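Next come two complexes, and both contain chain A; in the first it sits with chain B, in the second with chain C.
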Partner chain A sequence: MSALACTVCIDLPKGWTVISSVRDYFNTGKHSLYLFIIPIVLYLIFFFLYPVIYEIYISFFDYSLGSPKTFIGLQNYVLMAHDVQFLHSLVTTVIFVVSAVGTELLFGLGIALLLNYESRLMNVIRTVILIPTVFTPLVAGLVWKALYNPDLGVISYYLRVLGIPIGRGLTVERSTALFSVILVDVWEWTPLIVIIILAGLKSLPREPYEAGVIDGASARQLFRYVTLPLLRPTIIVALLIRSMDALKIFDIIWAITGGGPGTSTTVANLRIFQVGVQQLRIGYASALSNVLLVMSVLVGVFFIHILYSKKYGGVR
Partner chain B sequence: MYLWRKLVIVVTISTLVLGGFAVLGMSQEKPYKGIVLHMACMADQYANYLKVLGQKFEQVTGAKVNVDILGYTELYQKITQDYATHTKQYDLATTDIVWTGQFAKKGWTVDLKPLILRDYEQIGVPDILPVMWSEGSWNGKQIAFPLAGYANSLIYRKDLFNNLQEKAAFKAKYGYELRPPRTMKELADIATFFTRPKQGLYGLVANGARGPAVAQDWMEYMRAFGGQIIDSNGKVVVDSPQCLAALKFFVEIFDKWAPPGAIGYWWDDRETAYRTGRAVMEFSWSIARAGYENPSISRVVGKTGMAMTPSAPSVEPQFGFGGWGIAINADISPKRQAAAWAFIKWVTSPAIQREWMLHDGAPTRLSTLLDPELNAKMPWLHTMLKLFIDGNGNYRPRVPEYSRIQDILGLRINQAITHELTPEEALSKAAAEIKAIYGQ
Partner chain C sequence: MITTTSSRLRGALLHGARGLMLTGIIVFVLFPIFWMVTTAFKQRIDMFILPPQWIFKPTIANFKFILSTMSVGRWVLNSGLISLGTMALSLLLGVPAGYAFSRIHFRGKRILLTFILLTRALPPVVIVLPFRVIMQWLGLFGTRTAVILIDTVYDAAFTAWLMSGMFESIPVDIEDAALVDGCSPIQAFWRIILPLSKPGLVTASLFTFILSWNDFLFALTLTSPETATLPIGMLSTYGILNQGWTYMMALGCLAIVPVVFISLLLQRYYVSGLTFGGIK
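Here is the complex of A and B:
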């Protein structure tokens, strides 16, 4: 501790009594630790806490950008409870998150297992596979929009050539539009899951496998009873990151379908954008955003609970 | 020698004095030297040359106009946020005719009426067609100056309509001559006749993408059926029988006559469908007309006809008028406002508008539409003039609540064409939601 305290000793001109006393305060043992956390605390206050508190505050007002604010208590939340479009967008968001992240996990796990051995080819593949993740989601959306184009798109053309019925087009039919945008999300973010799980696989101990082989376990049994339980924390972290990110989905959908046809791809963030940015109803949009914030927090708490809970074989 | 020296001195002094006057004169001619104005501009065909004109303006007045070209939705979002938060990002902005009421109510842009009256002669106000003033006029104010007038017309494949075999086949099937349709029934017949998916040919195309694209295109058909969103007494009548007939017809377009992807079309997609020869007819804005004759983007060069849009029986024909005004941000300093007003007068002047027309511009002046040289190059200008004379700029309600109305229609009409709702349900919901805005 004393060595640590030494690293933050501050030399100040004599006579600066107040500053000197601050210096003395920080130079004394445990207090010096505060110096290290001040930057992150300030960051959290200005860039996280203040916006969140302001968002909660403004959600109690009838406030359109450019007009005066009027305090209306919980009316925005009452209105939200009857806003069919927003409630529908919440359901769409849940379907999107569960489908996209679930598929990404399955593909990610499978591809990571395939890539989990060393060769020159594998090194190349591991690099190439990351390319979709490097795309800005909006750019990825625009590229896929062109591929999906019902009249001129390559995907539509080959699906029709193969005799697969796509109606008027994958992105313009209500039955397939959400599936189309989920597919793009899966394309873009599966590589991230692959890399996270691959890192987990590389860090697994060899001993449990050796013990399993000695006991006569088959490859399938090794995967089921050794690999999966050991990978559990890694998988949960991957799910945590992707679920919270998928809850905020906006750019891909905005670029490909704009939330249509009808309301079939209108997720919560898109509805909030329509209300807040297009209609400038900032107060109401803040109330809607708070719901999404609560959902994100609940998802985060759920996965962290699973991660640490002994009941579910957690790390604590 | 002495005389020679005297002459040199006189000439030198004269040159310095005259040069000084010239410099002084130039600085008077360039009263806005050093000012850089920022303009937000709709990404329509006219935008690229407006950018060039923005730079040219510097040679005339010393003020430069930097033009940012933005998509329809982005333009609206950027300028409304700029105005509402008083951030003064833009000094000038192209302003859609339908935003007039909202911008006027909020007082976001400068009322140009006093300036127009002051510079009446210089502007040549009588030369600007009366319908153009609906781009920005609201309750006695003029919150934008007419920049680009658009006429909504029926665009059709003249080569197919004039083809003798097609004409004979059509007459045999329907019992009357194939010609540009005058009624909605004829429009439906011709659309059916020319829809041949195996040949990649579709009879009629419209915008279907959720949002302003589908809402605004449906309103063209609503007008043709004699419908209104808000009647003259301020009552919401979007669920009227006329509007319902218009929506049923609109749904048919996507079910029967349009290319498969039309449900996702924005304006540029619809135009592409026509220019690539896949669509035979469309209701379109005149700004796109010149593009059909541009071989680098069109496969229908020389094959396009332009006619007045058809209408339902017993509906007095009225033609859709739209387009863009140019407005000055009310937050900017008086000096910048003066420079911006100078730009508006210059860019809408007869000479510059004529130059602009040769580069995908749009007219507002009678003299531009009657210009012999322009008419020789663009024979469709006389049809545009007719459409402007009988043009109606109010069929899309230019009310302060327009954006919210359009948002509602953008969803409900899209739900109808994708069969998520029946036309009756869609208009019933739209009517209830629009009535809620007005407390009806």
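Here is the complex of A and C:
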């Protein structure tokens, strides 16, 4: 850069030399680009960092909205350790995230391989499968709730016609309620994984395949020993994006089961909402939130780490 | 001879299996959408007939009913204002920040970017509780501004990340040339770099709009009946219209149509946003 800048500057008046390179200008000049960063940093400090810190702070208090707060130290956390309902909701969350994201990855990989060739039909299909990802999650939930309806729902009707026992209904039976909300998440978000993996497939180098074919590898071997390893970084990114978002699940479950029957679909988000927004026990809800916060931050930090080491193809 | 026949048969079988799977996928993806749209045009009585009626006389009575008896106009207005407000504020905060991140290097930049990206991982339910308390202090509880402010936390951060990637793909030499020609750095950014980064700007606008439009939890916690958005409106009808699916699906169509339409229209940009700007 400096070499280029100097050759340009020779004929210029003295003051111009400084600003002939934007990087130099902004790194040394007084009109610094730092001014461009300050607003968003201030905004996030006030509306992101401050609420999180306040939430951590208030978790050491007995505080309900409208009543004075009293410092109780770790008592909220002691209470939490014995709160069967919350611990159960954590387990439900983990089951939800692992099965939803796992299924989405499996389907997503399969569908991406099916769609991975160029034709007009494939282009249309690739467009159509995007529609669920734009769906307002609450609306998606309400649509599926109606489909699942035990008496008049289309899904219930055809399952009964096919002779599949669904008891009082998929969303009403404890054994199938969680499965039925996972299916909706799979419907809405598998396409995202398909799109990410398709981009990864497109960016794969050709040489390993040519070498593999020359060495007499079968299609299955090519997939197992060439495609999968090369795709690994892309798959990890897809997994992390989906895990972060699945940890936030709220709307769909709220719409379909409201956490029931019993507490069979009450994920941590829902439990925290019940305690914090409905019962207004802010202090205790904050303590619960911190557990979720730690889980999310761990996944998030791992994701960002991967995002920086730009080793994977397709997805930056 | 035998081998060619059997391999041809195998090829045909594979082809058939592939077609079958693709059909299955399409049906699975489209069926709920198809059901929602057809239900919105069904007469209420058709809903209670089993087996489900797939051929019926369409009616727009449901739309007429919801438009005449509910505050649909206000919900649409609130959703629109909140989404547009979030979009504007996010671009205002995120675009300059993205530019700065792509052009200057300083100590702690990576930590700052990590901090910004961490917003993506933050479960809404964690932040909405303290946020609600803060909004009450500020006297903003129940206003559209409150929802815009919390949506922007996520969307401004997203925009900054997306745009820094966009700006990085524009060589810094272009601005240098502009400076030599007598532009000020701000002018170079405004007149040359911004027009060049139109794809990123479209993606950021589209995505911040959709994220905000689709929000439910923040609106549920922070709005009043006056400032309720479409999803909240849908929910409020739920109790009144006992199994009034036809009405609810008509409302659902109103909520979905704008976002589906613009995302299909701007599909390339939408995909780019979905994948954190990974696919250009």
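FYI, the second predicted complex is superposed on the first by the 256 of 316 C-alpha atoms of A that agree within 3 Å, B and C clash if a C-alpha of one lies under 4 Å from a C-alpha of the other, contacts with A are read in each partner's own complex, and residues count from 1 in each chain.
The rule is simple: a residue touches a chain if its C-beta (ideal position, glycine included) is under 8 Å from a C-beta of that chain, and two chains touch if they have at least 3 such contacts.
Predicted model, so just to flag it, every value in this text is computed and none were measured.
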Determine, under the contact definition given at the top, whether A:Leu162 touches first (chain B), second (chain C), both, or neither. neither
Contacts for A:Arg174 in the overlay, against chain B (first) and chain C (second): which applies, first, second, both or neither? first
Just checking: does A:Leu138 make contact with chain B only, chain C only, both, or neither of them? Give me first, second, both or neither. second
For A:Leu292, using the defined touch cut-off, is the partner it touches chain B, chain C, both, or neither? Pick first, second, both or neither. second
State whether A:Val277 touches chain B only (first), chain C only (second), both chains, or neither. both
State whether A:Tyr43 touches chain B only (first), chain C only (second), both chains, or neither. second
Between chain B and chain C, which makes contact with more of the residues in chain A? C
Would you sort A:Gly259 into first (chain B), second (chain C), both or neither based on which partner it touches? first
Which residues would you name on chain A as touching chain B in one complex and chain C in the other? 65, 149, 277
Chain B partner, complex, touching residues on chain A are 65-66, 85, 149-151, 156, 167-169, 171-174, 257-264, 274, 277-280
Under the stated contact criterion, what part of chain A meets chain C in this complex? 1, 4-5, 8, 12, 16, 19-23, 25-27, 29, 31-34, 36-37, 39-41, 43-44, 47-52, 54-55, 58, 65, 111, 114, 125, 127-140, 142-144, 146-147, 149, 152, 154, 157, 161, 187, 191-192, 195-196, 199, 237, 241, 244, 247-248, 250-251, 254, 269, 272-273, 276-277, 282, 285-286, 289, 292-293, 296-297, 299-301, 303-304, 307-308, 314-316
Complex contacts: residues of chain C adjacent to chain A: 18, 21-22, 25-26, 28-30, 32-33, 35-36, 39, 47-48, 50-52, 92-94, 96-97, 99-101, 103-106, 110, 112-134, 149-150, 152-153, 156-157, 160, 165, 172-173, 175-176, 179-180, 184-186, 188, 210, 213-214, 216-217, 221, 230-231, 234-235, 238, 243, 245, 248-249, 252, 255-256, 259-260, 263-264, 267, 270-271, 274-279
Complex contacts: residues of chain B adjacent to chain A: 73, 76-77, 80-81, 83-85, 106, 108, 208-211, 254, 259-264, 273, 278, 403-404, 407, 411, 414-415, 418-421
